[in-house]
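Take a look at the following structure, please.
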Amino acid sequence: MRPLTDVRRLFVAAVLATSPAVATVAPLVAQAAARSPAAAAPAVDRRQLLDYMERIRDENDLPGLSVAVAVDGEIVFSDGVGVAELDNRTPATGRTVHNVGSVSKVLSVVGLMQLVEQGKVDLDATIQTYLPYYPEKRWPITIREILTHTSGTRHYREGEFGEYGLLRFRHFESFEEATKIWRDDPLLFEPGTRWFYSSHAMNLMQGIVEAASGMGFEDYLRTYVFEPAGMMATQFDVPSRVVHNRGHGYERDRRGAFVNADPEDPSYKYAGGGILSSAEDLVRFALAIDDGTLLGPGTVAEMRRPQIDRSVPEYVPGGEPRPLGHEQAIVWWIRTDQAGRRYPSHTGTVKGTRSFIGDWVDQGVVVALQANALPFDSARCGEAIAQMFLPPPERAGR
Amino acid sequence: MRPLTDVRRLFVAAVLATSPAVATVAPLVAQAAARSPAAAAPAVDRRQLLDYMERIRDENDLPGLSVAVAVDGEIVFSDGVGVAELDNRTPATGRTVHNVGSVSKVLSVVGLMQLVEQGKVDLDATIQTYLPYYPEKRWPITIREILTHTSGTRHYREGEFGEYGLLRFRHFESFEEATKIWRDDPLLFEPGTRWFYSSHAMNLMQGIVEAASGMGFEDYLRTYVFEPAGMMATQFDVPSRVVHNRGHGYERDRRGAFVNADPEDPSYKYAGGGILSSAEDLVRFALAIDDGTLLGPGTVAEMRRPQIDRSVPEYVPGGEPRPLGHEQAIVWWIRTDQAGRRYPSHTGTVKGTRSFIGDWVDQGVVVALQANALPFDSARCGEAIAQMFLPPPERAGR
Amino acid sequence: MRPLTDVRRLFVAAVLATSPAVATVAPLVAQAAARSPAAAAPAVDRRQLLDYMERIRDENDLPGLSVAVAVDGEIVFSDGVGVAELDNRTPATGRTVHNVGSVSKVLSVVGLMQLVEQGKVDLDATIQTYLPYYPEKRWPITIREILTHTSGTRHYREGEFGEYGLLRFRHFESFEEATKIWRDDPLLFEPGTRWFYSSHAMNLMQGIVEAASGMGFEDYLRTYVFEPAGMMATQFDVPSRVVHNRGHGYERDRRGAFVNADPEDPSYKYAGGGILSSAEDLVRFALAIDDGTLLGPGTVAEMRRPQIDRSVPEYVPGGEPRPLGHEQAIVWWIRTDQAGRRYPSHTGTVKGTRSFIGDWVDQGVVVALQANALPFDSARCGEAIAQMFLPPPERAGR
Amino acid sequence: MRPLTDVRRLFVAAVLATSPAVATVAPLVAQAAARSPAAAAPAVDRRQLLDYMERIRDENDLPGLSVAVAVDGEIVFSDGVGVAELDNRTPATGRTVHNVGSVSKVLSVVGLMQLVEQGKVDLDATIQTYLPYYPEKRWPITIREILTHTSGTRHYREGEFGEYGLLRFRHFESFEEATKIWRDDPLLFEPGTRWFYSSHAMNLMQGIVEAASGMGFEDYLRTYVFEPAGMMATQFDVPSRVVHNRGHGYERDRRGAFVNADPEDPSYKYAGGGILSSAEDLVRFALAIDDGTLLGPGTVAEMRRPQIDRSVPEYVPGGEPRPLGHEQAIVWWIRTDQAGRRYPSHTGTVKGTRSFIGDWVDQGVVVALQANALPFDSARCGEAIAQMFLPPPERAGR
């Protein structure tokens, strides 16, 4: 039997510590918990973070805000302020479940990179290698270009969901069927020459993973990403499902009062914006990348490596190209915080929610959060929270 | 990664110390925590598992679900969600008692293997060595064949319990009497040449243990298995008994509403499907094998050793033989989880309940669970829960 | 009905005022009561009855006892001591639900007497008038003879349920099918000449009501008896059903320890011993007869009128006839209490439970109770409880 | 209206006296109780009704059930069992808000009858008098025919909501626009000659009220019906709105597990199936008709008067006409309960919920309820609950 790492031992102690059932009905177990050393520290700092979250809620007029933080491989904070949904005023927690929008992209790409690791997907092969139904364009497109927003594929656009946008409510049983909405449209530019954010392109991850693995996309991610990472609340956003702890996102009417965000069946975009998760599960996801549960170190390094030459500008529809504001890795964005620390991250926006995941890999700090109204600068807020846990930057480095 | 300063570590502990959200949504937890001296460590992971159990309950529409988990020889989780029975809505816990169905087989075989260890039973002797009343068949049958589903004995079949199935209600005082239902039927194939799941064959463990030990089967198991392992809630499913913490299993009527599962007196099948236990006791059982309480290491190794050559196919009534989907040890099934880890396990289904035990021996993780409605993939659920406690698989193994 | 004195009304209010059992099983209700300005009356008398129930439980070694009492048309007591069932120690209350055994007969006959009132059943017609499949016997049998235990029909007997009594578990979809067990047996005596308790005969009420009403028996009773009387927990004892608040009956093993009573599907005897009800619902049933909800006054009078001449003796199998110990009305027994008050009543015994209903019509007191073990003289206990609520007998009358 | 007996008044007070839900969440009701002199009476009957609601929940496998009851103009019960919605397991109460489906029709018609009372609408005018855009048909149609299901207008039909039924999600700002779905279809029969349930026809109430009042339909109902009646939780089911205490309706998948009912924007059918309300508000609605708050007595009498000659049969598509099973008043159905009492009522079914309102006008009892899964016979359940509060029927009436 392999010895337990310290992390696992701590986990076990934590589980034991506040178990009412065990305490009430299984005293022997409770006594074991009593031997655990970690218990007496003051709660003052936790309250500081909760106060900051309340401030953020006030500043942004958010119904609720959920935050989870890990330090050195352990979840040290998971909680919420305000409400997960307004109809019944269910409190927000770190386990509140929302569609994480484009944060789905980084969950999906880890599944895809496992297949790269196994040799089942080649980042530099063309998209038709895996999706023969994808039409030939003026230029070939590689998987790497798709995963770095340099494929020239257009993003969502007004009107593409038909009269009154009703196609947004359609449930697609087949991903291939869903691509018909946009796949015949011409490229915006020659692949590799520009950067342009395209969720349509990213959604192709579903087709690629299904073709390379022979499994349904959700079944694949559940088996090889969500469960190994302990993301037990994470699943696809299928509107018919009952989802324990599900929250709700909001928009504002003209007066600023909250109204329900427009519903939508994200079956056409699971990979790019259709996965339900919690702040806590998003932190677990980052930890499972960092500790090697999900990918080998070489694959992780490639995934996090900036892929685009600094000379490649951002494409601006109807305007002049402009310099790109972040470093673009495989799906992940490498942001730089106020203190100059670079960290892989992603944000997401869908159905009135706004999410963020940031992994300060070198410092061992992960922050994930979800808010349920817009506008909200989730990355700005996530960086601020991370400062509370990050060691001070080294002066010399500035 | 830079090590955390002590100050930061204290901060982290402080963050963990008190969670207002817990007070709001799980007051019992908060109260119990307040009484427990060691109570300040995070309840996060325990809540995560309870949330996952609620998710499983929603997805499968289960009245209740009970789960127990051990890590490194200690029970670290034992709890339930929903109800153990619907008439009085008794809450499900990790100590809820159900008939564990075919999980009884692995409890029984440990008793039998003790007798093997003592030289009182020879796995390669014929069945008539211990049960002289057992009729001679076209081919001889060994105990090992019986314990590996290769004896050619048939399984339960429609109609064998007489008009209206009323024989299911008969209480057999003598096991030998119960075997008359099926023991004269011809073998399905030459022993050793095929695999075919047969509870009738496995039920013979009762007769073998009684003959070899000179004790009644329940008396033997209670004395040498249940009590040494601390399985204080485990006993035979004798319908007349009052059983503390007993739950109830359910079927569904045409509309989907729960109805009581058909009652049955399992006196004809104690060894194969007639033992009452709890998730917590099932975990204790696995721990008592792992730590040598019940069997010596050589015997355990033999019990868990795959016994069937890969060339032996599964017998399919009226169809072509097909490859066997698991490795067959002595009674135990060796399953392989998503990450490629092999582990001994068994599932059980009886009277509207569905159970699972899995022992990740090399990683020191045991999971047991019980649900009280069907259909429910208890092994799939048990593996998912195990992922939460298992260390990440070694990359080389992938 | 005699009006209550003011003193007795105060007593009733006092009994209601504080219920410790309520505190245990419905704390919110008890707290609300505590805030009520009228809650301050002494609880001594209520506690006296609960103490007496505890004494009865001790004397008879009962798991639990449920009692309900009405005075002048109002339920003034409904509570239990001990447990409704032993597995999970669910507390007994006045709303605990058990099969009331032969008390089912008085519930059933009220449905039948409604059809008599409407001219759809003639008490003096022969049984074949309604059940053409019933075989002709040596003498004709009238409905009235069936309803007064003077038809000469035999009672249940050892062995009639086949090998191991397994037929007791059979679910009969058709009542006619169930009568095949006994209907061809010869009469014990010429109808009208003897009294002999026969549940088989009484079970014929199901067939008669179904034939005369054109409705299924349970549907009829639910529509015209249970719901109009507010007996919302009362229903047929169909083993597959989930039944809210269901208790359990017990027998004793050789040492005197409780074991579960043998299960049974009462589908062959709903009218005579197959209805689930609570002490509280039984009291409501009596009140709904007394206030005219269920039957007109003439029909009630006929139902409660002793029907057998004092010269008709009780038939004793293999012995000499002996004088009958009670007055026999239509199904109801007219008992005489210690003070010489006559009152209609019935007891029931089935599956380890023992029930009683007594209606002191002239004094406006109804008592119903259920215990869940045997032996237990439920009528003796019911009379004793009634004494607590009855006005003193008038001296002149003694 | 028959005066209540003292016993019934005491019962009513008793039910109010110890209601924790009312005390906690509806202080105005609790204050009414505090003024009631009889508050010491037993809480027995409240528990009995909650038990019955649990029984109904078990029998029909409902997530939740909400019930409110008024006796003699006062709400005496308002509570729920189970959950209003499954994601966050919000408890069901009497104030849970669901779309009440076709119960919306009786709310709407009271608004329309106010305009009749004011001479602004003539029941015997043609539909084009108020809706000039309504096409001329082979025969003229009167408002009265529309309100009695005798206009020959078709009901909803499969396929009318376009590909994948996506038109169900469209939000219609104008009612006239919504009628284009069906208004050009031919009549099924000559108006007045047959009865055929048509929600499309009933939905025209919105257009009529808007034309005759010059107000938007919701604004009109809110001003002249909901607020005067104290129905403070009642409003239109506009999907974008945040709705305090909103529950959720469910369907079942193949295994019997609950899934979310299909969403729908009821903007095309507010009058016939698009109003959100609670059991408590529905009771208030009936009380406000009974006490003259909403309509004068003559108008109420006309609204509740059976409007169709007994000779008018029900139209059966593709079959022979058959006798109508109820009396048809203006929108309201006059049902007859088991005891022969006639009462105005309506049921509703929409998006996985099932509602009922019944007003036993002569006896002063109102019952309203909502369940959140199908199938469920809400009228049968409502009648059973009413029996608990109704005085016994007069014998002469039987």
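Order as written gives the chain letters A, B, C and D; numbering starts at 1 within each chain.
By definition in this document, a residue touches a chain if its C-beta (ideal position, glycine included) is under 8 Å from a C-beta of that chain, and two chains touch if they have at least 3 such contacts.
Just so it is clear, the model here is predicted, and its values are computed rather than measured.
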Inset, instruction - Return the chains common to the contact lists of chain A and chain D. - result: B
Legend entry - Farthest chain relative to chain D (centres taken as mean CA coordinates): B
Inset, instruction - Report which of A-B and B-C is connected by more C-beta pairs in contact. - result: A-B
Inset, instruction - Using mean C-alpha positions as chain centres, tell me how far chain A is from chain C in Å, no decimals. - result: 65
Legend entry - Centre distance in Å when chain B and chain D are each reduced to the mean of their C-alpha atoms: 51
Legend entry - Separation of mean Cα positions, chain B and chain A [Å, integer]: 37
Legend entry - Distance between the centres, which are taken as Cα means, of chain C and chain B, whole angstrom: 44
Legend entry - Interface hub residues of chain A, defined as touching at least two other chains: 241-245
Inset, instruction - Name the shape of the chain contact graph, picking from line, ring, star, complete and other. - result: other
Legend entry - In the complex with chain D, residue positions of chain C that touch it: 13, 16-17, 22, 26, 28-29, 31-33, 35-39, 41, 73-76, 78, 94-95, 117-118, 223-224, 227-228, 230, 232-233, 241-245, 280, 288, 291-293, 296
Legend entry - chain D partner contacts - residues on chain A that touch it in the complex: 84-88, 90, 162, 164, 166-167, 169-171, 239-246, 250-251, 258-260, 262-263
Inset, instruction - Enumerate the contact residues on chain D facing chain C in the complex. - result: 7, 10-11, 17-20, 23, 34, 38-49, 51-52, 54-55, 58-59, 338-339, 383-384, 387-388, 392-393, 395, 398
Inset, instruction - Enumerate the contact residues on chain B facing chain D in the complex. - result: 58-61, 86, 252, 255-258, 375
